[in-house]
Structures are given as structure tokens and as C-alpha cells.
Amino acid sequence: MPFEALDFYDVDSLLTDEERMVRDMVRDFVDEEVIPKIEHACRDGVFPDEWRVALGEMGVLGAPLKGYDCPGLSYTAYGVICRELERGDSGLRSFASVQGSLAMYPIWDFGSEEQKQHYLPKMASGEWIGCFGLTEPDYGSNPGDMITKAEDMGDHYLLNGAKMWITNGTIAQLAVVWAKLDGVIRGFIVEKGDPGFSAPEMKGKHSLKASVTSELVFQDCKIPKDRILPGVKGLRGPFSCLNNARYGISWGAVGAAQACFDSAREYSLSRIQFTHPIASYQLVQNKLAWMLREITKAQLLAYHLGQKKDAGTWIPEHISLAKMNNVDIALEIAREARDIHGANGILDEYCIMRHMANLESVKTYEGTHDIHNLILGRHITGIQAFTREL
Amino acid sequence: MTIAVLLKQVPDTTAKISVNGGRVDENAVSKWSFSPYDEYALEAALQLKESVGGEIVAITAGPARCEKLLRDAAAVGADTLVHVSADNINHLDSTQVQKLLAAAVQKSGASVIFCGKQAADTNAGSTGPGVAELIGASCVTLVSEVSSDGGGYVVTRPSSAGYEKVVASAPCVFAFDKGVSEMRRPNVRGIMMAKKKPIETWSLGDLGVDIQANGVNIDSHSPPAEKPPGQKFEGAESVSTVVSKLRDEANVI
Amino acid sequence: MECTVIAETSGNSIHPITAQLVGAASSLGATPTVVIPGGAGAEEAASIEGVSKVISVVGDYFSTFDSGAWASAIAPQCSGVVIAGATPIGREVASRVAAKRGIPIIQDATGLKSGITITRPIYSGKVVETSTVSGDCVITLRANAFDAAGSGGSASVNVVDQSADISIAVKEAISKASERLDVSEANIIISGGRGIGEKENFSNLEDVADIIGAAVGASRAVVDEWGMPHSMQVGQTGKTVTPSLYIAVGISGAIQHLAGMRSSKYIVAINKDPDAPIFGVADYGIVATWEEAVPALKSALAAL
């Protein structure tokens, strides 16, 4: 049955015809090819390869990038794509976020002309998967102190170090890796098969189970000189990638929340207790009304942020607010939805527990909830509170 | 070869239909879609074009909202888009609708016409054979597959024994049942191209059609009679009673 | 009122719907002419009560269904208000006759009153449309929606040998493969649950399905426990289905199952437990064991 999204304020009527057509295309894909398979993918802990193929065929990877066979859509359209994908599963949206915002974007913005021509077309088509190596086992919120380093050996670079929590790592053909060269953070393209590079999969996740999460290990990893991204130095490189990915998440979370709301509404209307549907009880209605309220606000935030992205009038703090808020309410909505589903809410017959567990990761990755609060705190007061002399 | 595909925009089959003031309330329809059998017709046309070449003209008749349907058809590969402007499409009778479509088909230059076996709103199935009659074409309905056979077309339709492949040549109308493949999903490139594609809007005057007075007056639309509350029967001997109720009351077997 | 009924034939005789068409015409006060495409069963048609005369239109082309040839052959005999069956052949021929005569057609009527006022379901039965036609028109009638006229008539039979151009040729006949319908496509579904005891008993449901062209579905419990194909599963994590008729056999009606089938137009539940929740959504509930009810269902359906 096709999904009819909750859109109380008719926010989607503000989209362009083209954006709505893209929405319908992705929504249809999620209805027909994701929802029927997602629970099995989670149980098996795999990302179905046919989803990669379908995303490439639809032409949505690297959505807002122009040229080099990239889609050239608006940032608003990119947001809509993320929302529709995450209505299916956060793992699926993560795949698209990492491919587009974290792997294709830095090549597109900071790569050489040769790098763009070589990598972007096959990444847009989904033929090649990319991943993004910034976080390390000991450096998450504080990437500036990363240990991974690159040495210039004259005719090649030598990478040493390890990255962790890398979405798509094991299945990727290339990794955009951030490492210190002479103390300065630089981006490098590492390809699968480069000597000294391995990407073992991390197992045992209770969250994002249909997404591949890996470590990237570099042991005297030798890469050619033309694999450095010439266009950027310092944390600005990875942070500009993260801005785009976080922007997508602010939309994606709305999709997960819509799915949970939809299931809760449906369930509450059909579940009979004390001879009436539980939807007829005030405590349940209160929960549903609260969900409606929060989803509507989140939709307006995401849409307006999209307009600012497209107009170029955004600042990173705008993204922090939307990412933090929308993931936060999506997680709370998943928890409330679980409550409405009672015991049934823990079964994989319903999407609830899966979204809830996924959103715990989404709350933490791409800048934790608390770090985004600190970004806003710094913006308000002018005083950074990330660190201090103890 | 030009294939005209006749498409009708209908409320999505999952959409709630409400009646207001004795008429179906179109403003309350949350989602408009292709009539599902028309999608099979369009997909069959796309596949035929891929195998033997040609051009696809998508034709729809109706109010301005139907332009979305044409864009969706363009996104999956329709070459030319024709909107027969008819704001009151749902108040026209079958002769009027068929005259409009037959004139549009002839103006488009197509001699092969694909359509759905019936539209999901009226479920009538008059349009395909009616248009065939008006343009002097042969007609095959309930088609599930079509291929080109040099000069003609080979189409599969049900028969009393199962299926049969029949041969017909242009001018011909094929009205599709559920086909072998679902309509393809568009892609971003197709959507971007569809946005730029012009839509030709043809009025009654452009088509030179005089549709005359309506022969059918719609008195009212009303919700169906409430189903009787569930009935419960004891014992297997009640099965035959239930079966006759299914036939006579429910009309489902 | 001048009225013509286009008979529906079946092999060498007329199809029973023909008497219903005559019955409907009579209810409008007409004594119709019955036109038989191909001429099969003319005597039988002549004996239907209320028929004024029978015209058998004959020609070689009636051996292949070509609505163009058929309509051009019978149209000269179809005057006044024309009534046909809303069957695949009836709908197609009637559409062409209407277009040829330039008169409107209304398909799949379920009610008629003089005037002529016609009711028909639209939007898959979500709405009933009532309309009035003043001049001549063509109306096709839904099978079993009208009372059949009785027998005992003795109308004259005229045979008209009519030529017509056939433009369709049958190239190949393919006998029906015995493939089972998918639940998401079927108009009728019969589903089994844990109550039918074991996997092997599904063959009894398949027998019923074969008679009425139904798909066979299953609840999650049996899909998981008995290793049935997941494609058969109806419910929250299986298919959501909306057939005209859903027959649940030995399914108690857990909320997850109901989520997948409660929008079916009609629901029949067969369960031995009178308190099973499935009866809460059933239009027709039968409290009986499947061992008794399913064979009874099979013979009742076969007798239709």
C-alpha cells in the first residue's frame, strides 16, 4: 500500500514540481523495494546490494552536485530524498548520505579536475561506493587531535593509523581519509586494494543493522601522489562535508518520525482494549497530538533550512539546530510510538523498535546532540565550551 | 511508427473518496495517479519502442491537474505530450469523451493506440473499443503482451482455453490488462527532461470537434449502502447459505 | 419502448446471463428483441419469457472474437435501447455498437428503473452513481444483479446471414498454465492459519481456490512454522491485501493479520472457536471446523 505521509501543514506543497516528482520516485522505491526487505536485511545484518543499484539507477546519489554526471538537484530535493529514504531505514539514508555528502562532495569541491572526472561519474551511478574516514577510536567529537598521519615519501604518500565507525567501509571501492601531513589535516583518496589498507567490518551492533559499519586500518599504506585532495587544508575540509550530511539528516529524521507516527496511528485505531480502540483514549490521543506537533515543526525547520541552503544564506549553526532538534524529536516519537504499540512494539512486525535503535546512532553520529548544543552555545555567547584548561 | 497512449488521471486507488452535495468531491482527493491499467499500456509502449523504435505520444483529456500525469509519462520516456483540455471531463458522456480522444489521436498522426482496459474510476472499459470504432480501427482488449511482427502486431489476450496470440495491423487499438511488467520507475535525468518538455494543449476548437449535448445526466453520487453488520452462522451446514449470500447480497462470486 | 438485448453465448448455447438481460428489459416495460451474435442457442433464447423475437446473426467471422466485425454485423439489428452483459465480450461489443450509433454507453449497471434511471458502482464500489438517459443508449448489466426472466416464451427466430470484415487473426492458442495467483493481485483470497493443523492441509484450500480463481494466502504463524513461502503471507509484515472477498480458514485474527486484510470488501471467517477475534471483522462468520466447512465450501462453490 503506498505510503501517505503525514504533512499536516501541507509543507510539501511548497516543493517544486520536480522536487515532488523526485519524492514520489523515491517513496515508490521505498514502498516497493525497501519496506518488504528491511527486516530481513536487519536480521541478517546486511545492506542489500540491489539498493545500491537502484539508487544509482534513480540517479539520486550526490543529489545536489552539478556536472560529472551528478544529478544537479536542489538541496531541498536532496533533503526530500533523505527523508523518503529514512522513512524506510536510517541505514539506507546513511548509505546515501555517506556516498553523496561525505565521499562525492569532497572530491567534487576539493578534488583535482582529473580526480573529479575519474571518480564522480562512477560514484553517481552507484558503480563505486565511497566512505569517509575522519573519526578514530579515541577521537570522535574532537577530530582535530586525530592520530592518523601521512608522510610524503617523494614518489608516494605513506598512511598510518586507524579510523572507526565508518559507514560503507567494507563495501567501498574508495575512502576519503583525513590524515595529518606535516601536522596539517589533508584529504586523501584511498582505494580498495591499496597495499597496507584494510577495512574490517564491525559486528554486534544493535542499531543501523542494515548498514555496513567498519574500521579502516592503514599500516604503511602506500598511495600515489595524485590521491591527495589539493583544494583544502585543515578541519574546514571534513567539516564542510559534515555540514551537508547533517543537513540531510535533519530531513531524514522527519522520515523516520513519520513512519513511527503512521504505525502508531494505525495501530491505535485497530487495537481494541476495554472494548474500544485505544485511539479513543485521551492518553493515547495526547501522545499522537504531540507527535503531530513535533513532526510539523520539524518539517518546517527542514524545509526552511533547505531554502537557505539553496539560497546560500545558511550558517553551520542553522544546520546544527535542525539536525539536533529533528533527530531528538524523532527518537522521542519512536519511543512514544513503542509505548502505544505496547508489547507488539518490540516485534519486528512493526518498524518502531528498528527506527528507535537506529535513531540512537543518528543522535550521536555527525556531531552528537550535545556537541550541537555547544555549537549553538558558542554562537549565542561567543564563548566556546568544547574544552578548557583543567 | 507513432504510438498514442491514452492516459487517464484518476484518484489513487488507495485514496479515500468522499461525496459532497451529491457529487464525488474532487477537491478532497489526496492523491491523483495514473489509472493502473494505463500504466501497463504505457510500459508496453515503452518496451515496444525500445525493440522496434518509434515515437510515443501521451494523450490525456481533463482539467489542468492532468498535466502532472503527462510530466510523469515524460519522465519514463513519452516523447510528445498532449493535453486535451476538458474541465468537465467527468460530466461528459462516453460519446463525447470518445470523440475528443479520437480527434486527438487522429491529429497526433498515430495509427496504433494503447490504453488501459478500463479506468479505475468508472471501471467502464468503453473508451478503447469506442475510439477504435470512431477511427475505423481494429481493437483487442485485455491485452497482456504485445510485440511487432514486421507489418503487424502480435498481442496476447485471454481466451476460453487460456490465452491466444492474435495478429492485428494498424490502425488498431490495444486495451491492456495487467501486463508482464509494472511501469518502470523514472530517474532523476528523466524527471529533469520532463520538466523541460512542452505540453501541447488542444481545445475542442483545435480538434474541430462538436461534442453536442450530453446524453447522460448524472443525478447523484452516493456512498454505497452500508454493509449489513457481520452475520455469524453455526456449523458447516451453513456454508451453502453463506455462499449464496456471497453471490446474491455481496455480489463477489 | 424499443429495446434490443445482445445475447451472451457460451459454446453452442446462450449464457444464463441472457435471461437476466431480458428480465431487466422487461422490468422497464419492454418486450425486447434478442440478437444473438453467431446464432448459438436461438431456440433457447426464443423460449425466454418476454422476448418479442430472436435474430440470429450468422457469419464465419463469429469463430474469432473481433469486436469490429461483430459490432458491424449486429449493429443494424440493434435499435432502441440496447442491453448487453457486462462481460468482457459484452462490454467490448456494446462499446462499439454505441460508438457506431453515436449513442452513450453506461457499463456495469446494477440497477435500472424506467426513465431510464441507471445505477452503477464507480470508484471500485466506493460510490454509487445514479444517472438518467433520455434518448437511446447502450447499457451493460452486471451478472447476477438482475432477476432472470422465466421460460415459456415462444418468440419467432429470424436468421440473418451478414457479411463482415474480420481484421484480427488468431495466430496461436495457449492453454492456461496452472500457475497460482499472487495474493496481492487476486480478487479473491482464501487463507489458512494454524487452525488447519498442518501444511499438507493447504491442498484443501488450493482445491477451493481453483474453483473460484482465488489466490491462497497464509498467516505469519504458518509461514514461519511450516516454512510456507513468504510471498503467501498476509499481514503486518506480509502483504496488505484488499480483495473483493477474503476467506480466512483457521485464522484466529491476531492484530498483525487483521492489519493486512481488514480492508477487504467482504470477509468470510471459518473458525471453530466462536470467540476468535477474526469474527469481529467478518461479514459472514461460520463457526465450524475446517474439516467440515472446507469440503462444504468446495461443493457449494462448484455447484454455482
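All chains are identified by letter, namely A, B and C, in their written order; residue positions are counted from 1 within each chain.
Rule of thumb we're sticking to: a residue touches a chain if its C-beta (ideal position, glycine included) is under 8 Å from a C-beta of that chain, and two chains touch if they have at least 3 such contacts.
All values reported here derive from a predicted model rather than from experimental measurement.
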{"item": "Innermost chain, taking as reference the mean of every protein Cα atom displayed", "value": "B"}
{"item": "Of A-C and A-B, pair with higher C-beta contact tally", "value": "A-B"}
{"item": "Mean-CA-position distance for subunit C and subunit B (Å)", "value": "20"}
{"item": "Distance from the mean Cα position of subunit B to that of subunit A, given in whole angstrom", "value": "40"}
{"item": "Geometric centre distance via CA averages, subunit C-subunit A, whole Å", "value": "51"}
{"item": "Junction residues of subunit C, two or more chains touched", "value": "280"}
{"item": "Set of subunit B residues in contact with two or more other chains", "value": "none"}
{"item": "Residues of subunit A engaged with two or more neighbouring chains", "value": "1"}
{"item": "Residues on subunit B engaged by subunit A in the complex (per definition of touch)", "value": "12, 14, 30-31, 68, 71-72, 75, 185-189, 191-192, 194-195"}
{"item": "Complex interface listing, subunit C residues touching subunit A", "value": "220, 235-237, 240, 255-256, 258-259, 262, 280"}
{"item": "Subunit B contact footprint on subunit A (complex, rising order)", "value": "1-2, 4, 17-18, 21-22, 25, 28-29, 57-60, 63, 71-73"}
{"item": "Complex interface listing, subunit B residues touching subunit C", "value": "11, 13, 17, 19, 24, 93-95, 98, 120-134, 137-142, 154, 156, 158-159, 161-169, 172, 178, 215-225, 227-228, 230-240, 242-248, 250-253"}
{"item": "Contact set on subunit A toward subunit C in their complex", "value": "1, 39, 266-267, 270-272, 344, 348-350"}
